[in-house]
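Below you'll find the structures, each written out as structure tokens.
Next come two complexes, and both contain chain A; in the first it sits with chain B, in the second with chain C.
Up next is the complex of A and B:
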């Protein structure tokens, strides 16, 4: 049934699942944060930084960002696999995207805990 | 759509006709390609979004400067485009999660939910964009 030449070896299901789990986490975070912000009478610098001074908010924001980066990796990898045919270019793009996303992870920690 | 493509790809004797301007995409296919385009757009905007989070939190000076920059008409245009990309990706993503759970997978339901995804994401873009601007 499975055409291995097209699908590769058994990473498909795991990534398919991770794509959906990260999506659900991002949906929940988005709804909670948006709901909270819409309920605030006014958002200024003090209210904004007070929100992000909480360790719970920082932790779940980092979780949200990590989910975003992993989700983005799977999506971008699929796009590259679909449209970029030469193996060398494909590999180069994959490596660049992975390194970029890893740098975003480090940057995210610095933003949230270095404010 | 994907299973359809797989069938086409596996049956090698079928003639290829990929004149993109002649293919009339059905609405669910249109939502699918927009999901991809909006996802790519959001990925490319990640450094901008992270920089905005950084500026908003770093200090009152960077926060004020960020708000000043966001007041430019061009910034607002970019923000509304990003808002739409996020909302479309969000709504279409929820539709795909439902389809994965075999909810609304009949042709009529899939067509109507595609219409809803396009409509709701546009409406929310206008509402939230108007509220933010």
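Up next is the complex of A and C:
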């Protein structure tokens, strides 16, 4: 196989769509949280603990973070696909990015529910 | 009028260079191509493609003051001097303003730019309603000059894998055609992370198209069709 161009992996639409949907969820979360914080008279330690003591806030924050990580995965994978040509190196980088993002997920849960 | 033109003859030059030309003419109603023909009359070593000289064939696409366009329908009076002319970006230069469009046409052919219909041909033509025919407006007018595709950074980077705006506009031209029966195959052909989805909607293609077509809109409609058949 000498420099044969191979295309046709059937996940183009799925990832493109997921990136858009996660972006919308991220925007909604950001607007709601920013709006809430702007309406608070003072943002101190007590306000933060009160906000994040609610399981609803924790759940939606986790959802927001999961969206961020998935969104980031697609973006970083596209960059790697553009700039790293050897398939083996590319696969290795993809695996490293996935492991990092999975660790972020565990870390996020620890932060949100470990208080 | 002052011109600066990209010159490169791979047989004699080691590197490309910009050559200055000075024409004693008034812009008036002249088109850029008229000036280029005058320049060529004084220096016949200058190479460029041209044919219909009225914006129909798409041969004289070039980079005019940093922007892709057709020399034959670009008014001289609208251009800032010195007028800087370069070959279309992102394609190998054969000589001076002439580029090798092989990669461009390879991508064009990859989307099967012809009607696929396995029904036996009818006695007369395959009919469409006026509404169905109207779907093709803004698509069939493409002259394949290459201005849009060579203005697209996604194509510069992945010319072997990303179809490019011109090819995708044509892909939608056949997806939108009610007489075509290969819709599923056509969508499958583009359903991958490179061929369609390397478009990041920066709309350079819409900006430069000398026929005022909108490849970005066509690309959006292909995505709509894909979503429709998936969800």
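The rule is simple: the second predicted complex is superposed on the first by the 108 of 115 C-alpha atoms of A that agree within 3 Å, B and C clash if a C-alpha of one lies under 4 Å from a C-alpha of the other, contacts with A are read in each partner's own complex, and residues count from 1 in each chain.
We adopt the following convention: a residue touches a chain if its C-beta (ideal position, glycine included) is under 8 Å from a C-beta of that chain, and two chains touch if they have at least 3 such contacts.
Owing to the predicted nature of the structure, the values given are computational and were not obtained by experimental measurement.
Asker: Once the shared chain is lined up, is A:15 touching chain B (first), chain C (second), both, or neither of them?
Answerer: second
Asker: Could you let me know whether more residues of chain A are touched by chain B or by chain C?
Answerer: B
Asker: Please output the residues of chain A touching chain C within their complex, sorted ascending.
Answerer: These residues of chain A touch chain C: 5, 7-17, 78, 81-82.
Asker: Help me check something: in the complex, which residues belonging to chain C touch chain A?
Answerer: 157-158, 160-161, 188-197, 223, 226-227, 230
Asker: Quick one: in the complex, what on chain A touches chain B?
Answerer: Spelled out, the residues of chain A in touch with chain B are 3, 6, 20, 23-24, 27, 30, 45, 48-49, 52, 68-69, 72, 75-76, 79, 104, 107-108, 111-112, 115.
Asker: With touch defined as at the start, can you tell me which chain B residues reach chain A in the complex?
Answerer: Against chain A, chain B makes touches at 6, 9-10, 36, 39-40, 42-43, 46-47, 50, 53-54, 56-58, 60, 63-64, 90, 93-94, 97, 100.
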